[in-house]
Amino acid sequence: MGQSLMKKFATSVAFAAALGAATAVVPASAETLRMAWSQDATGLDPHKQTAFSSLRLLELVYEPLVRLNADLEIIPALAESWEFSEDGKTLTFKLDADAKFQNGEKVTPADVKASFERVLDEATGAAARANFTSIESIDTPDETTVVFNLSQPDVPMLTAMTGINAAVVPASEIEAGTIGTKAIGSGPFKLDSWEPNQKEVLSANPDWAGGEVKVDGIDISVLPDETAILAALRTKQVDFALINDPLVATLVPNEASLELSRTPVLAYHVLQLNPSREPMTEQAVRQAISCAIDRQDVLDTALLGEGAVTGPLTMPAYRSDPGALFCYERDVEKAKQLMADAGYEDGFSATVIAATGEPPTAAAEAQVIQSQLAEIGIKLDIKMMELNVYVDTWLKGDFDMAVALNGGRADPYSMYNRYWTKDGNLQHVANYIDDTLDSLMQEGRVETDFDKRKEIFAKFETHLAEVSPWIWLYTGYTYTAQQKNVKGFVPSPTGTLFGLTEVSVGE
Amino acid sequence: MTSLLSVSNLRVGFGRKPEDNEIVHGVSFDLAAGETLAIVGESGSGKSVTALSINRLVDFGGGRILDGSIQFNRENGTMLDLAAAGEQELTKIRGGEIGMIFQEPMTSLNPVLTIGEQIEESFRLHRGLTGRQAREAAKDALDRVRIPDAARRLKYCPHQLSGGMLQRVMIATALSCNPRLLIADEPTTALDVTVQAQIMALLAELKRETGMGMIFITHDIGLVAGIADKVMVMQNGEAVEQGPLDAVLDAPQHPYTKHLLSAVPHFEAGRATRTDYRRADAPSAAPALKVEGLTVRFPVTGGLLRRQTGAVHAVDGVDFDLMPGETLGIVGESGSGKSTTARAILGLVEPTRGTFSANTNGAARQSGKPVQMVFQNPYASLNPRLRVDSILAEPVIAAGGGLKGETHARMRMLLDRVGLPENALQRYPHEFSGGQRQRLCIARALMLNPSVVVLDEAVSALDVSVQAKVLELLVDLQREFGLAYLFVSHDMAVVERIAHRIAVVYAGQIVEIGDAASVLSDPKHAYTKRLISAVPSVDRRKETFEVDTRQVPSLVRPLGFEPEPANWQSFGPDHMARAEA
Amino acid sequence: MQLLRAIFSHSSGRIGGAIVGLYIIIAILGLLGITPHDPLMQFRVDRLHAPDATYWMGTDLFGRDVASRLMLGISQSFIVAFASVALAAVAGIVLGLAAAWFGGWWDGTIMRFMDVLLAFPAILLALLIIAIVGPGTWTSVMAIAIVYTPIFTRVVRGPALSLKTRDFVDAARTFGSSRNYILTRHLMLNLVAPLTVQVTLALAWGLLTEAGLSFLGLGTQPPASSLGLMLADSRNLMEMAPWLLIFPGIAIMIGILGFNLLGDALRDILDPRTRRSAA
Amino acid sequence: MNYLARRLMTFPLVMLGVSVLVFVSIRLVPGDAITAMLGTEAGLLTPDQRAALEAYFGIDQGWFTQYWRWLAGAVQGDLGVSVTFGKPVLDVILERFPLTLELALLSMVIALAIGLPAGIFAATRNEKPSDLAVRIFAMIGQSTPNFVFALLAIYVLSVGFGVLPAMGEFTPFLENPLRNLGQMILPALTLGFAFAAAVTRISRSAMLDILSDDYIRTARAKGVPARKVIWRHALPNALIPVVTLSGVEFGYLLGGAVIVEQIFALPGLGRMVLDAILQRDYALVQGSVLFIALNFMIVNLLVDLAYAMLDPRIRLGGK
C-alpha cells in the first residue's frame, strides 16, 4: 500500500513537472512580444486581401502612402506630404526619401506607380480597385514625387489610400510575380515566417523610416478558441492578445495581472432588410421593424452592453446623437400602427440569416431580434450559415433579412457608396434605390470642405434611418488584452494593430 | 487394493443460491488405483458436474460443493479431502496428480498457442523443466500418444490438426506428468467412429502402461463396454446404479439402466435391421427418387486473381435409387460427402453434374416439391423468432397455398401424429426440448405431403433415449404415409434400426451398397469393414482396438481430374461393393 | 413486455431503463411545452440569473429559463439521436441485407461504397453535408445518419451472412420459400436482437455526435435548444454562469450513461452467448 | 497473405470513391476560394477581375476538367498546391501529420495503459464492488463529450492551478521532447479518456467471454495458476477485440481530432482540413481527405496484420 501510494505520488509529481516545464521552459523574453489571436490571416497579398484578419497582419509589414491615426486623421506614412490641386483632379505625393523596402531597395515613385497600376489591373483581382477607378494616369516626375491624375474630383480616395489595399510594394516583386508569396514591404516589421492558422514570427525592421520599434519582434500564435486565449493570458504564456468575443473580453479585468483595452470601432452591427422582398418593400413595414427593435436591449443582451447604439455613420467626426434618428427609442405601439398601415396587422414570417461565429455574437443578436420582432407579429426563422455560405448568399442578395457586422471607413462616402448609390457595386445586395440618398452621396463625394460634407452626410444619415432599408444597431469594441508589463499600445477605431510599434515589454 | 479416490455423498449446486439449484444430489463412489470407472448418463444427468467436482474445476463454472467429501490418495500417500482443499493445493494436484480431457478437442486447446507450448507448460509447472528439457519432454509425450512426426507437430497450432489428433494432444498433455487419475469427459463424442476407436485404443493402452485410475464419462453405454471395470449410471443428479461392468450390463437392476440397454440403439452387426421391407420382395414400381452420376465439386482458388487451381471433389459420381416406402441409409464419416449428397438433392448446393428425378406419384402430392428434408440440429433448423404455426405454414405458403382451414387441419393432424399437443401451435421453438423440436421439423417436412424425406443426421443431436423414440416415430410415419427415406448418418447403430438398404460413402463415392443386413453383417469393402469394426458395442467387452493413424485422403484434386469409373462387384441379390485397386 | 421484465430484473438494465424512461418523459413534456417556463421566452431583465426558486437552473444570456430549455433540449437531442439512428438503421438493414443476400458484385459494390464513407473523416463528412444543405435539425439528422450507415450496414451484413447459412434458411429454401419471405421472416426477425443492442448504443453516440456538431455551430439552430447547443453556448460563459455548463453537462452525461447501461443490459439479455451462461 | 494482397487491391477503388465524393461535395458547398478570401468585398469585383481570380485559383474550368487534371496529378503523387499555404498540398500535410500521429499514438498508449489493466481487473472481479467502480469510471468516460472535458481541464488548470500546457507555438517532439509532451499531455488525456473507457469495457467483456471458454478450463485442469491463466492463456485471445477497437479508434484519430485540436490550438490534420474547408482551399481539402482515407485503410490493414500476429488461425490459414 505504502509503496503504491509512493508510486502515485511520484507520477503526479512527474505530471505536474511536465506541465510546469511546459510553461517554464521558455522564459518570457523581455524583447519579444508574445501575442495571440483567434483568426489568422488568409493570405499575404496586400492588394488582394480584404479580410480584417489579414489586413491587421499586413499593416505591420507593408505601408500605404498615408495612414490614419487613432483620431482617424490622415497622417504621413510613405508620403511626407500630399495635396489636391484646385480642381481636385490631381493629387500629388512627396515620398519619404529614407523609406526602404525590407530587401534594402529604396521606395521610389516607380514602385508607387507600379503598385497602383497593379491594383487597377483587372487581372490582379483586387477588390479595392473600385476605390481607385477615378485614377486616369500616374506620373513620376522626379525621385520623390508621384502625381495621380483623376478623371473627376475624388476626395474620399485619399482616405481609401490609407488602407493596406493601397500599400506600396516593390516594383521588382511585382515583376517577379512574388507578391503574396513573399512579404516584402517597407513597414515596421519583417515577416520571418508564416504558418497559416498556426503562427507568425515577425522581427523588428531596423531600417523602418517611420521610427524605432520598441520590441525585437512579435511571435503570434493562432489560438482558435478564445477561452484558450484567456487561459494562456492567465498563465502568462501570452503577453498580448486580440479578443473578438465580448463575452470573453469582459472576463479579462477579473484577472489582476491583466489589462483590457477597448476602443469603439467603425464596424457596425446591423439588421439588413431586403427591400426587394415582400413585405419589406413597404417602407412602413421596415419602419415598424426599426421601431420594434430595442437597440440597447440587443446590445445589452448579446454583447453584455459592450458597445454603443449608432446610426449609419460610425466615424467620430461624423457621428451624431442616435437618439435624434427615426425611432431609435423603441416604440412598439407605433410599430404596430405602422404594420397595420401597411396591411400587416397580423404580422408575417421571414427568415434571417447570420454567419456562425462571425461575429461571435451573431446568433445571440438574431435571437434577441427574433424575440423583439415577435412582439409585433413578425415570426423570424433564424438560419445560421457557415461564413462562406453566408457571404455567398449575402452577395446574391438571397435573404429576407441578414444579421451582419459590416466594416466601416473613415470616410462616409467610401463606406456607403457601394450600397446606396445607383451604380454602387453592392447595390444589388442593398436592393434599395433612393434618389435622395444617391444625390447626397454624389454631393459628398466632390465636396472638399469638411463642415459642408458633415452637413450633407447628416442629412444622408437622417434620411437613411428614416427609410430604414437596414436597421443600424450599434458599434462594438475592439479588444486587446495584455499583461500589465506591456506598455504603450494605442488602439484605433479601425482596429489596426499599428500601435504595436510603440509597445514595449517591461519586466 | 487401496482406494485411489473415494467420493461420498457429493452434493453440488450452482448460482447465487447453490442450495436452491442443486445439480448433483449426493453421489458416492470409490475408485481403486488402476481401475476405470465409467459414468454413464444423458445430458443433464450431472455426470460432468460430478467429474468436474473431483478436481474442483466446478468452482470456475459457478458451482459449489455443498456437502460430501472427495478423499484422494496423493502421490505421497496422504489422503486429502479435495472438497475442502485450498486453491493453492488444488493447483498442484490438477495436471500433476489428476489429469483431465474434455469432449471438444477443437475448442479445448488454446487457439493462439502452439501444441508444443501447451504440452510443455505442464512439464514446466509440475516437473520444473525448462527450455530444451521441456521441449524434449513434450516431444516424448507426443510420441507416447502415437503422433507421427512429433518434433514437427510441436510447432503446429491447434487449428492445423484434425479433431482426432487434437484429442491425442489433449491426452498427451493430461498424461504428461503421469497423473494417478485421469478424468475423461466424453472424450470421443465429437469424433468420427473410426477415430473414436483409435482414441479408445490409445486410452486403454496408456492405462495399461501407466497403471493410472480413470473416470470415463459418456452417454454411450456401448462405448464403456470396451474399457470400464466399473459402471455408474446417473440420472437427474443421482447415481441410480453402480457396480462391476458385467453385472451392470448383463443384469441391470434399475429401470433406467434397463431402458438404456434395451431401448437405446446399440449396434448389433446387422442383426437388428428392419424386416418390414425387402427390395427383392417388393413389387417393382417406379422409384421415388433416382440419382444418377451425382457430382458436386467446389472450386479451389489460389493466387491474387482467385484463379481456380483445383476442385474439392465432395461428391463424385454417386448413383442410387429409392423406392416408395424404402429407407436408404447413407453412412460415412465427416467429410465423406454424405451430407453434400443430401443437400444437392434438395438443391441447396448446385451439383456439378448428374441427374436426379423424384417421382410425384400419389394424388395428394400437389406441391411440386416431392422431396423434403429434416436437418441435424433441431435448435438451428427452426427459426427461433417464429411461432410454431408460422413455421408449419411456411412450406404451404411457399408452395403458393394460403392459410386455409385445411392447412390448419393438417397442422393439427401432423402435430398429433408426431406426438405434440395442439396448443404447441401458439408456442415458440425455445419452449420445446430437442426431441420435440425434431418432431416439429418432421411435421414441417410432411406438411406438403412429400414422397421422399431426406433425414440428414436427424437424430444425431438427440439424447440416446430420445433417439429411440424419434426413430420409432419415423418408422410409423413411413408406414402411414408410404414415405421413402434417405437417412444420412454417421451412427451405425441408428442406421441399423431404420435402414432397409445401406450405402457406405467414403471420400465422395459410394463404396458399398446393398441390403442393410447383408452389408452390416458381411461387409465386403475394406473401408466398410474398418468402419464396422470400429463401432462400439455392449457385446465387445475388453476388446482392444488396433491403434491406427490413417487419415482420410484429401479430396482436393487438380483441375480436370476425373476419377476412374467404378468397377462394381456383386455379392448377392442386393449387395455390391466397389472393387479396390 | 417480456423484454421489459427482463430489463428490470437486470441490475444495470434497471438503472439504464429508468434513466432512459425518465428522459423520454422529460422529452415528451418538453415537446408538449409542459415546462416551468416558456423555454423560448426571454426574461431579459433576469439575464444570467443564478439558480433560485423561480429559475431552478438559472437563466441564460437571454434570460431564458435553463430548466425549461434543458427539457426542450433533451427532446431535441433525442429527436436528432432517434431519427438519425433510425434512418441509419433502416439504410443499414437494406444495404447490409442486400450485400449479404446477393453477394458477389452487389456485396463488393455496397461494401466498397461503405468503405468510402468509413474512410471519409466523419466530422468532415457531416460538415460538408451540412454546409451543402444548410444547417438545421433534419440536416444534422441526415448527416449523422450518413455517418452511421456504414456501421449499421456492417452490423447487419455479418450476422445476415451467418444467418443465411443457418439450417432454417436452408430449410426454407427446400420448401421453395420466396426471397422476400426468407429476408423478412428468417433474416430480419433474427436481426432484431443484435440491432436493438446496436441501436441503443448508437443512440448514446448520436447524443455525443449531436453535441459535437452543435459545438461547431452545425447542429441544432437557435433559438431551439439541444443539449449540445446548450453546452456549446455555455463555453464562453462558463466562468460567469457555471450553471449553464453544469446542468446540460450532467444531463448529457446521464443521458448517455442511461443508453449505455440499457445497451449493455440488452446485450446481456438478448445475446444467446450470455443467456447460455446465465441458464 | 493473399487476403491482405486482395485488400490492397481494393485500395485504389476506395480511394477513387473518396476522391470523387470529396471533390464533388466540396464544390457543392456554396462559396468558393474567392469569397473565402474577400468576404463580402468579393461583390466589388468586376467580371474580368473575377475571371482572373478564378483562373488564379484554378476553378475556371468545368468540374470534369478540374477533376481529371487533379486526378492525373494525384496518381503521380502531385496533389496540387494549397492556395492558403502557397505550398504543395503534400508538403503541408506532411508537416501536420507528425503531430496528429503523435496525438493518436499518445491517446492510444494512455487508453491501453489504463483501459487494458482496468478491464482485466474488472473481469476477474466480476460483479464485485471493484468491478462496479471500474465500470462506472468507464461509463463516465464514454459519456463525457470531449470538448466538455477539454474546456473543464483548461479552466481548472489555468484558474485553479495557474499552469497550462503551452499553447500556440507547437514544439515538435524531436526538437524538445519534454516541452512537446507537456503540450500534448492534456489533449492526449482528453482523447484518451473516452478511448480508455471504451478499451476498459471491451477488454472486460472479452475477458469475461474468454474466461468461460473451453481452453481456459483445460489450462486450469493442467494446474496453471490463476494469474497465468489470465495473462498467458486468456489475454492473447482477449486482445483480438481490443485490437479491433483500438485500430478503428486510432484510424479515426489519424483523421485528426478536430474539436480537440481546435481547443488546444494544435496544428494537426483535423484542424487543417477544417480550415481548408472554411477557406475553400479545394486542393488541400481533396489531398488531405484522400490522405486521411488512405491512413484509415492502412490502419485497418495493420489491424488485420495484428490479428494475424495474435491469431495463428488467420496467420497460417485454415478451415
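So that you can tell them apart, the chains are marked A, B, C and D in the order they are listed, and the count of residues begins at 1 in each.
As a working rule, contacts are C-beta pairs under 8 Å (C-beta built on N, C-alpha and C of every residue); 3 or more make two chains touch, one makes a residue touch a chain.
Source: prediction; values computed, not measured.
More C-beta pairs in contact connect the chains of A-D than those of the other pair, out of A-C and A-D.
Centre-to-centre separation of chain A and chain C, using mean CA positions: 43 Å. Between the CA-based centres of chain A and chain D the separation comes to 37 Å, rounded to the whole angstrom. Note: centroid distance chain B to chain C, computed from Cα atoms, is 47 Å. Each of the following residues of chain C touches two or more other chains: 131, 235, 238-239.
Along chain D, residues 29-30, 151, 155, 159, 212 each make contact with two or more other chains.
In chain B, no residue touches two or more other chains.
A complete list of chain pairs in contact reads A-C, A-D, B-C, B-D, C-D. The part of chain B that touches chain D in the complex is made up of residues 55, 57, 60-61, 87, 91-96, 99-100, 102, 104, 107-114, 121-122, 125-126, 157, 159-160, 170, 173-174, 302-304, 306. Across the complex, chain B meets chain C through its residues 343, 346-348, 369, 371-373, 375-377, 380-386, 390, 394-395, 397-399, 441, 444, 448. Those residues of chain D lying in contact with chain C across their complex are 10, 13-14, 17-18, 21-22, 25-26, 28-30, 139-140, 142-148, 151-152, 155, 159, 209, 212, 252, 255-256, 258-259, 270, 273-274, 277, 289, 292-294, 296-297. Taken together, the chain D residues at the contact with chain A in this complex read 29-32, 34-46, 48-50, 52-53, 56, 84-86, 95, 151, 154-155, 157-159, 162-170, 176, 178-179, 181-183, 185, 262-265, 267, 271-272, 275, 278-280. Here chain C touches chain D in the complex through residues 112-113, 115-116, 118-124, 127-129, 131-132, 204, 208, 211-212, 215-216, 228, 231-232, 235, 238-239, 245, 249, 252-257, 260-261, 273, 277, going by the rule given at the top.
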